[in-house]
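What follows is a set of structures for review.
You will see subunit A twice below: alongside subunit B first, and alongside subunit C after that.
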Partner chain A sequence: MLPETRYAYAVARVRVAELNMLNRARLERMLESDTVDGALRVLHEAGYSESGDYEEILARETAFIYSYLREISPEPAMFDLFSYRYDSHNIKVLLKAEFSGLEETSMLVDNGVFDKNNLSIMIRDRELGKLPREFSDAIHGAVDAFSRTRDPQVIDILIDRAYYILFSRLAKEAGCELLEELAAATIDISNLNSFIRIKGRMEDLDLLSRILISGGKIPVRRYLDAFGADIDAFLNEVKGHGYNTLVEIAIENKGRVTEFEKACDNFIIKMVGKFRYKAFGIGPLVGYMLGKETDIKNARIILVGKTNRINNDIIRERLRDSYV
Partner chain B sequence: MFDGNFFAILGAAVAFFLAGAGSAKGVSIAGEAASGVVAEDSDKFVSVMILEALPSTQGIYGFVIAFMIMAKMTDLGTALTTGQGIALLIAGLPIGIVGLFSAVYQGRVAAASIGIIAKRSSDMVKGIILTLMVELFAIFAILISILMIGRVG
Partner chain C sequence: MARLNVNPTRMELNRLKKRLKTARRGHKLLKDKRDELMKKFITIVKENIKLREEMELRVTDAHSSFVIARAVMHTENLEEALMFPKKQIGLGVSENNIMSVRVPVFDFEETAENDTNIYPYGLNSTSGELDGAVYNLTQAFPVLIALAEKEKTAQLLAREIEKTRRRVNALEYIMIPQLEETIKYITMKLDENERGNITRLMKVKDMMIEEQRQKHSEY
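And then the complex of A and B:
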């Protein structure tokens, strides 16, 4: 970890760049426009490129966030932590393609630490030496589990789990308190999600114990102990860890995953929002990155909605809180 | 060799190099932030430059005190007593030490205030006022140093 004042330059740049983010007013203007083109014009004013269809525009903007932050940051490697998420997506796509015998290269995404084509060859030949050990272990595990269960969901579970563990390990190695805090929150959210889903369907405790990830603020023991008890007992267990509102939303919206996902996204954005006004350190950069990803998510929700002529109120319900 | 002249010159050196080093550090922190803003929006150059320059005053104060100590030596004649020399060394310490710390911390506030300009150029004055709060202590330090030099006889 470099001294935080080394980030003065990068933080100042991000502070200016934040002016172009999609705040509530810009999102409203996108919603009010009658056509997709009208909404795209708002994006263009905010610095997004103009050529191509909206998926291309948004993909280009995502690539831009990563190249921009790596360029201005004194520690570009820190953003690998976030880039590995794209790799984990690609690994899932590649494994599923392999098992189903279909070519699904169009589902692969850029911005990973590993080039998608190289990754594809590495997975095909099972030459996993270059991958972080969490990923290579998870790939072997997923191949093994799939051959026994024939359930593609195990791939998602194992690879996602590997990503969270990797993130947590790298954050610890970097000695960055902020990233460790973020890692703990991500793990807690993932655990809460698994707990509520599995408990809702009354599946077995054994499955839960394999899915839960240690390293969050709520110890894994707590979930396992609360599994037999009712949900109120669990609520009491997690009180004081700061996730009360999330759990309540999850319980209120039984079975409605979208509401809970939205609440999780909002929770993370609110959390990094705390670091927004720091003058130094990696915090404002991480905030900007997650904030931009939220912007892109929101833009996609609106553009998909506009393309399918969905009512504005319904689109509005789906929108995440923006960072600025 | 450790006579009055030695201690007096040491005092002048301490006053300048501590305060000067502090200013260099303070201005560099603010300067990095300033260049970040200008890289995104070059119209803001003038306002961020003013803020960047604020932590440089400690170096100037250190320079003034070093100069005054040297002038005092001339006033007191060719050979200072050890007592006079040590008194002048001590007189150089307030601006040296306070200058060092206040310049670095002022640089941090200046960098943060440059963040205000990044958002709204019109709030430049507010940023300058916040940054000048730290200046107050450097001003006290130079006053104390001046008073101390005056008492050496």
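And then the complex of A and C:
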């Protein structure tokens, strides 16, 4: 990784860009507008494009974040860590399309490290040499597991896991403390979330054992050992790993996922928020990126809510904390 | 009431009497059929209302949870999560006979290895809100199928009731009165002919007696 001072220019650019992010006041204005158009106007004021429906606007904004950060960052490749998430999505779509015979093109997304059309050819021809080894192993594993079980869930499980492990490895290789911390927290949160969801509805220890990802601060063994026991007891036990606020919310809401998922997103934003006022380093850039993704999520929640005339209280309940 | 355009002959009368008898029997049978169909129809409609209310509730729940899931997830992620279903569903259609109305019977079969894990997606890239939506929709599905069956049955029965009622009415208000009227007309016509005949015979007899009397007086 480059010396942190090399990021001075990028950090200054990001600081300016942060002014256009969706803060609480903007979100409130969107929420209070009576129509979708009114909410979109607030987005336009914040620099979002004006043409197309809101899905297109949000997709364009997502693409913009990545191109913008790659452009200003002295190490554009660092953002591949996050872009691989889109590749993992495309891999899942391509595999599922292959197994089900469905048309997949409309579900593929841009912003991945690999161009979606190239990726499509690579998966079709099984020429996986260019992909990170986590992905290629997972694709072989998924093809094999699917042919045995005919269960599409295995594809998602294996590819998602590969993405988290890849993220973790690349963060370690980059030697960036923030990214390593972020990787561990994302894995822990994902595991906690899976644990709560499986305990709440699916009650399937086998699924849990397949879905848990190692590499977080809470060892996988703890989840498996606690599966038969009371969920609150387990949550209390894992408090010590730095997830106190999260765990308290989970206990308070008796395993309801709405509040917990919101708390998870808020946790990550708060975590990267610590780096916001640093003058150097990749921290403010990562914070800006995750903050923008949260903005887009919030905008989507409000816009979908407005389109479907959902009560403002239900929308507000789901809005994530904003980065700025 | 218009009568039928027939020749007022005894043969025709017998024929019409036979037809009237058949029409009366048919009328009674059809009336019974209509009443029985109505009874069945009302039972089915009651079940239908109950199912529809349950279905509306469940589908509304499923729909609103889907909207929420769609709000917190990327559209592409949501579509990817649901693009390949895990459960296979078989729907067999057979027939049932209610008062000679053939109504469909749907046999709904689910083939899932694990009843609790019906979710075709992984948990890391999806929101827990989607679990609720998929669960609600799974719960709504058998109700939807049952409702479809009952609603189709009710429709078919209603059509049959309508048809039967029209037939009953046609018999009761048109066919039977018409036949009765025509029978009355033929009977009256025949009686009239009979009377005419008798009068004619009497006249002939009188004429013959008169003739005889004149012959006697000449000799």
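We take it that the second predicted complex is superposed on the first by the 294 of 324 C-alpha atoms of A that agree within 3 Å, B and C clash if a C-alpha of one lies under 4 Å from a C-alpha of the other, contacts with A are read in each partner's own complex, and residues count from 1 in each chain.
Throughout what follows, a contact is a pair of C-beta atoms (placed from the backbone, for glycine too) under 8 Å apart; a residue touches a chain by one contact, two chains touch by 3 or more.
Note that the structure is predicted; figures quoted are calculated from it, not measured.
K.L.:
Should the pairing of subunit B and subunit C on subunit A count as a clash or a fit in the superposition?
P.N.:
By the criteria stated at the top, subunit C and subunit B fit after superposition, with no clash.
K.L.:
Just checking: does A:Ser190 make contact with subunit B only, subunit C only, both, or neither of them? Give me first, second, both or neither.
P.N.:
second
K.L.:
In the overlay, answer first, second, both or neither for which of subunit B and subunit C A:His89 touches.
P.N.:
In the superposed model, A:His89 contacts subunit C only, not subunit B.
K.L.:
Where does A:Asn308 make contact in the superposed view: on subunit B (first), on subunit C (second), on both, or on neither?
P.N.:
After superposition on chain A, A:Asn308 lies in contact with subunit C alone.
K.L.:
Touch check for A:Ile72: first (subunit B), second (subunit C), both, or neither?
P.N.:
first
K.L.:
Looking at A:Arg133 after the superposition, I want to know if it touches subunit B, subunit C, both of them or none. Which is it: first, second, both, neither?
P.N.:
In the superposed model, A:Arg133 contacts neither subunit B nor subunit C.
K.L.:
Using centres of C-alpha atoms, tell me the angle at subunit A that subunit B and subunit C span after the overlay, to the nearest 10°.
P.N.:
So the angle at the centre of subunit A is 160 degrees.
K.L.:
Touching A:Arg15 in the superposition: subunit B (first), subunit C (second), both, neither?
P.N.:
Once the two structures are laid over each other on A, A:Arg15 reaches subunit B alone.
K.L.:
So in the superposed three-chain picture, is A:Lys270 touching just subunit B, just subunit C, both, or none of them (first/second/both/neither)?
P.N.:
A:Lys270 sits against neither subunit B nor subunit C.
K.L.:
With both structures fitted on chain A, tell me whether subunit B or subunit C touches more of subunit A's residues.
P.N.:
C
K.L.:
Quick check for you: in the superposed arrangement, does A:Phe280 touch first (subunit B), second (subunit C), both or neither?
P.N.:
The first partner, subunit B, only.
K.L.:
Looking at subunit B versus subunit C in the superposed three-chain picture, what is their shortest Cα distance in Å?
P.N.:
29
K.L.:
Quick check on the output: what are the common subunit A residues between the subunit B footprint and the subunit C footprint?
P.N.:
Touching subunit B in the first complex and subunit C in the second, no residue of subunit A appears in both lists.
K.L.:
Using the touch definition from the top, list the residues of subunit C that touch subunit A in their complex.
P.N.:
Residues 64, 67-68, 70-72, 74-77, 79-81, 83-86, 113-114, 116-117, 119-129, 131-132, 135.
K.L.:
Report the residues of subunit B in contact with subunit A in the complex, numbered from low to high.
P.N.:
29-30, 32-37, 39-41, 44, 108, 111-112, 114-115, 118-119
K.L.:
Could you list, by residue number, the parts of subunit A that touch subunit C in their complex?
P.N.:
On the subunit A side, the touching residues are 55, 88-89, 92-93, 96-97, 99-100, 102, 104, 106-109, 151-153, 155-157, 159-161, 163-164, 190, 193-194, 196-198, 200-204, 207, 211, 213, 257-258, 260-261, 297, 300-301, 304-305, 308, 310, 314-315, 318.
K.L.:
Contact residues on subunit A for subunit B in the complex?
P.N.:
Within the complex, subunit A touches subunit B at residues 5-6, 8-13, 15-19, 72, 277, 279-280.
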